[in-house]
Amino acid sequence: MEGTGSMYQVKATVLFNEKAGKAHYRMKLEVSQIAKDARPGQFVHIRCSSGDDPLLRRPFSIHKCAQGRIDILYQVVGRGTAILSKKRRGDQLDLLGPLGKGFEIDSAFSKIFIISGGMGVAPLYMVAQEITRLGQGKEVTVLLGAKNKELILDKDDLESLGLRVMIATEDGSEGYQGLVSDLFERLISSQTSLSLAVYSCGPVSMLKKIAELSSHQGFFCQVSLEQRMGCGLGACLGCVIRGTSGYLRVCKEGPVFDAQEILWDDPGLEIK
Amino acid sequence: MENLPDLRVSLGRIHLRNPVLVASGTFGYGEEYKDFVDPGELGGIITKAVTLKPRKGNPPPRLAETPAGLLNSIGLENPGVEVFLKEKLPHLKRLKTRIIVNIAGEKKTEYLYLAEKLGKGGGIDALEVNISCPNVEKRGLIFGTRADLAFSLVKGLKQATDLPLIVKLTPNVTDITEIAQAAEEAGAEALSLINTILGMAIDVNTRRPKLGAITGGLSGPAIRPVAVRMVRQTFQKVNLPLIGMGGIMSAEDALEFILAGATAVAVGTANFVDPAVSLKIVEGLRQYLRKMRINYFHHLIGDLRT
Amino acid sequence: MENLPDLRVSLGRIHLRNPVLVASGTFGYGEEYKDFVDPGELGGIITKAVTLKPRKGNPPPRLAETPAGLLNSIGLENPGVEVFLKEKLPHLKRLKTRIIVNIAGEKKTEYLYLAEKLGKGGGIDALEVNISCPNVEKRGLIFGTRADLAFSLVKGLKQATDLPLIVKLTPNVTDITEIAQAAEEAGAEALSLINTILGMAIDVNTRRPKLGAITGGLSGPAIRPVAVRMVRQTFQKVNLPLIGMGGIMSAEDALEFILAGATAVAVGTANFVDPAVSLKIVEGLRQYLRKMRINYFHHLIGDLRT
Amino acid sequence: MEGTGSMYQVKATVLFNEKAGKAHYRMKLEVSQIAKDARPGQFVHIRCSSGDDPLLRRPFSIHKCAQGRIDILYQVVGRGTAILSKKRRGDQLDLLGPLGKGFEIDSAFSKIFIISGGMGVAPLYMVAQEITRLGQGKEVTVLLGAKNKELILDKDDLESLGLRVMIATEDGSEGYQGLVSDLFERLISSQTSLSLAVYSCGPVSMLKKIAELSSHQGFFCQVSLEQRMGCGLGACLGCVIRGTSGYLRVCKEGPVFDAQEILWDDPGLEIK
C-alpha cells in the first residue's frame, strides 16, 4: 500500500497561482515535508479561509511534486475554490498531507493506460511521471477526455515525459469524438489483459464504464474517487463510499481504490 | 511555587490534567491524530460511540457543510464492543490521558451489557452515555428527550457498573434542564452537553437531500450560542460538573462555556479544521489565566457577571 | 401566453403575488426600507410584533453577532396597538402588498383583544400569532412549547376574529409537529416556522453576557439547517400551508425551504445584510424556474426527491 | 435635524486604503450619490465580506467628503475591520449611506470646541470643515486626546483648515498630560457658556465627563455615540441606548445626540 507514512500540518507558501483554463488554476506551494513523502494519488487537505466561511478544509490531489514543492491543479466550483483562486504569491495556506493511499505502480505491468476525464488528470500526472521513471520498454498510453478541447489539461506536460497522449472530446473539437471511456474500449478491444494496468480518475459514469471493462476482461484497474470530507485522517467516518466489503473511507482506504472494490451502482458515489 | 496557573479540574471522581477533552466521534479511538496531538497533553479523549453489535452506519454522503456548521449522519458506525475491547482499547490504554468511552444503544439492555463489558475492560476512566439514540422499544422516542426514560436508563447503568457515568444530553428538547435533573437524580457523575442539533440541507439543483440519511446532526460554530445557553441553564439547575461542547474553535470559545458553568470542554468539529486545535486551546487557556492573573482555572467555572 | 413563470401562491385565503415575504421584526412597519424595496414587488410584509400595551423592550446591548448568526434581545419593543392603528397602519395600507400583522401577548386575553382591535382596523390581510412569548399566567411557560396552550389560544383567536390566522412556531421544542398539529386542529390558516433559537454569548474579557438581557434569539444562516428540517417534519404531518424562514440569504436558500414543503418564505436577518435582498430573491426564484423549465412555482412545493 | 434625505445602496470603488497609524487606516471611496448628501456626523454601513463571516455590516463615520468621494478613518479591532484593512485600490465594497442624524451646526455660536478622544476624530473632521466654511470670526478650538502622541490623528489636516489644535496625551508625550476632558475643563473654567457649542466623540467615560460639564454650565453639547448595529436603517430596534425619554436608536435618532438626551450611567452604553 502506498502512503502510510507520517502526515504533516504545515504553513505552505504560495509560489504561484495561475489560470490554466476557463475556471482552472495551477498553484505551486513550498512545502518540503509533504513533498518529501508524497506518492502518486495522495492528496492534501487545505484550509481555504482562516475564518469559518467555509468551515472545512478542501481536499486536492497532489498534481506534481519536486524539490520540496507541490502543485495542485484545481477547478473553481464553489466558495472554497473561489477563495483559493484569489491567493497570490507569498500568501500562506494551512495544509495537511500527504494523505490517503496512492496508486500501486508495479513494474510487472508492461502495458499501461492512464485515463483521465476532465479534472481527473490532477492525480494522474504523477502516475505518468513515476511510470516513466520506472522506465524500460513499457507501452504507456495516456487518454485525456473532456467536453471540448479547451478543457484538455496537461497534454504538453505529459508528452514531454515521452508518453503517447490521445485526446477524446465530446464535441469532437480535438481527437476522438466521444467519451474517453469509449475510446479506451476501442483501443483495448482486441488485446490480452494480463499484463495490462489502468490508472484512472474522472466522473463516476466514466470510471464505472472502465471498471466494468476491467471486470469483464480481467485487467488491473485502479481509480481515484471523491467524497465530501471532514477530518481527512480517517477519524470521522464521514467520507465513506460503498465497497463490496462494506463502507470504505475515501481519505484512508482511498482515494485510490481497486475498481473491483467499489459498488458502482451506489447513488452515494455521486457527490453533487 | 507550584506549577501555576493550575489547569486541573475534576469531574466527580475523574481528575483531569486540564479541562480540554476531544468530543466523541471527532477523534476516532485516539490513533488517527497521532501525528498532530500528544494525547498526554489533553485532559482526556472521549471515544467514538461503541455499540453492542457492530454497526455499518448510514449511507453516503454523510457530511454536508452549512454556514459555520457541519451536518453529519455517520449513524454510529463502529466495530462493536468486542472488537473495541480487543483492538482499540489496548492502544487507548497506552495513551497517558483519561479515556472516556462513549456508549450508545437502542434498548436499555444494550446499554447495560455494554457498561458491564466495558467495566471489566480496565483502563477506562468513565463512560459517556449517549442518550440521543432512538429507543426502539418506545417506538423511536429518543431516550434523551424524556426525563423518565433518561432516569431509568441511568439508574440501571449505575447498578451495572462502577465506572463514573457522564450522561450526554441532546439539545433537541424543550427544556434540557429537566433531563439534566433526571440524570442527576439517577446518579450521573457529570453531564456532557450538547450533542448535535437535528438539521437538514437540500441540493436545489438535484432537489435531493445533501445527506444520504436525509437528516443529520448540526455541529460547529453555528450552534455555539445555543450550547452556551444550555450549559448556563443547566448550571443553574443541577449540581453536577458539566462538560461543555458545541462549536468550540478557540480558547475564547472554550472560556464562554467555562464562564457559563462548564467544568471542562470538549472540542469536536474543530479537530477537522485544525487537527492540533485541542492543544492550542490548552495553551490559550493558560495564557488567558496569566493575562487575567488567575492562578486556578477552576475559579473561572460559572464566573459570569450578570 | 400568460405571465410565466407564475410565482403566485396561496396561504389559505391569503393570495400572494409571489412567495417572498419579509419576516417580523426585521422590516419594521414597512417604512424604513422605502429607499431600497418597493413592497409592491414582494409577496407581503410581516410587521414587527404589536402588543396590547406599548413595550419599552430590553436593555442594550440588544444584538450580538455569532458565527453566521445574530443574537437579538429586542424584547418586543413596540408602541402598542393603539398607536399602531393610528400611526403605522395608514401607511401600511397604502403599500400595494399583503399586510400580515405579527401579534404577541403574555396572556390569552391580550391576544384576543389585539385580534379584535386589529380585525376592525381594515386593510390587514392576516395575523401572524407569535406564540413564542412567555405566558405570565402559566408561570413563564411559553405558549408555543405546549400543544394544549397553543390549541386553546388559537381556538380563542378563531372566535375573536375573521382574519386568517398564521401561527408562528418556536423551534425551542422537542417536537415541533405536535404544536403544529394543535394549531391546525384549532383552525390556523397557515403556519410560520421558525422563530429564533434561544442562545447566549459571553464576552470573555469582561466576563459579561454580550446581551443586556443575557439570552437572546439566534437567527441567520447558522440556523437554516434546523429550520429546513423543521419545515420538512411539519410538512409531513400537517396539511396547512407553511411559511418557511430561518437564515434565508438567497434564492437558493429559499428553494431549500420550498422543496422541504414551504409554500412561501420570509426573509429576516438577511435584510440587515442587504436591504434589497428580498427583491433579489424574487428575481432569483424566477430565474430558477426558467432554468428548470418549470412554469408554476407551486409545483416545487415539497418536491424533494428522497 | 441633519440627514433625513435619501439613503443609497452603492457599490463603491476603493481609491486607496493606507495605514494611518499602528492599527489605523484611511480609506477613500468613490461613491458619488452618498457623497452628494452626506452631512457631518452621518455614517456609512459597510459590508466587509460577501460571505457570512462576518455576517453583519459595520458602521463607520464619514470622515471626509468631497467631489463624489468619501473617506473613512478606522481602527482594526476585530474581524470586520481586519478584512477591510486588506482591501486594495480597485476593490469594490457594498455601502449604505448616508445614514443617521448628523451634528447641528448653527452659525449662532461664536465659540466652539471640537473635542476628540482616540478614534473620535473620525466624525469630527467634517464638523471642523463645515464650521470653517460658515466662517466669520468664530473662535474654534480643536482638542485631540489620545493615549500617546502616536495615536493622535489628523492634527495637520485640522490645522490646515486654519483652526487652533491642542493636544492632550495620557502619557504626556505631546501637549497637555492627562485626559482631554480635563484639558477642556481647564480651558472653559472661567468662561461664559451661552454662546459656546461643543461637538465631541470618543470613549463613553470622556463624553460623560463633557456631558456633565455641559449640564452644569449650560453650554450646547452634541456627541456621537456607538452601538452594535443590525439594519442601520431604524427597522430592527437593535442599536438602542438609554435616553432620558426612553430608548433611542443610534442609527436613526443618532449617532449624534444632544448630551442631555442620554442617560450617561446606563451600562448599555459600553459596547465591549
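The first chain written gets the first letter, and so on, giving A, B, C and D; residue counts start at 1 in each chain.
Definition applied: a residue touches a chain if its C-beta (ideal position, glycine included) is under 8 Å from a C-beta of that chain, and two chains touch if they have at least 3 such contacts.
The chain list, named the UniProt way, goes like this: B, C = Dihydroorotate dehydrogenase.
Please read all numbers here as calculations on a predicted model, not as lab measurements.
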Completion exercise
By C-beta contact count, A-B versus B-D, the higher one is A-B
Practice task
Between chain A and chain D, tell me the centre distance in angstrom, where each centre is the average of that chain's C-alpha atoms.
Solution key: 55
Completion exercise
Separation of the C-alpha centres, chain B (Dihydroorotate dehydrogenase) versus chain D, in whole Å, is 47
Problem - Computed distance of Cα centres, chain B (Dihydroorotate dehydrogenase) from chain A, in Å - result: 36
Completion exercise
Residue ranges of chain A touching at least 2 other chains are 52-53
Completion exercise
chain B (Dihydroorotate dehydrogenase) residues touching 2+ other chains are 67-69, 206, 220-221
Practice task
Draw the chains as points, connect those that touch, then say whether the picture is a line, ring, star, complete or other.
Solution key: complete
Fill in the blank from the handout: chain A partner, complex, touching residues on chain D are 49, 51-53, 79
Fill in the blank from the handout: Per the touch rule above, chain A residues touching chain B (Dihydroorotate dehydrogenase) in the complex are 6-9, 47, 52-57, 94, 96, 227-242, 246-247, 266-269, 271-272
Handout entry: Footprint of chain D on chain B (Dihydroorotate dehydrogenase) - complex, ascending
Key = 67-68
Practice task
Please name which positions on chain B (Dihydroorotate dehydrogenase) make contact with chain A in the complex.
Solution key: 25-28, 32-33, 35-36, 48, 56-57, 59-65, 67-70, 72, 74, 77, 203, 205-206, 212, 220-221, 249, 269, 271-276
Exercise for the section: Spell out the residues on chain B (Dihydroorotate dehydrogenase) that touch chain C (Dihydroorotate dehydrogenase) in their complex, using ranges where they run on. Expected result: 66-69, 71, 145, 172-175, 197-202, 204, 206-209, 214-215, 218, 220-226, 228-229, 232, 247, 252, 255-256, 259-260, 288, 303-306
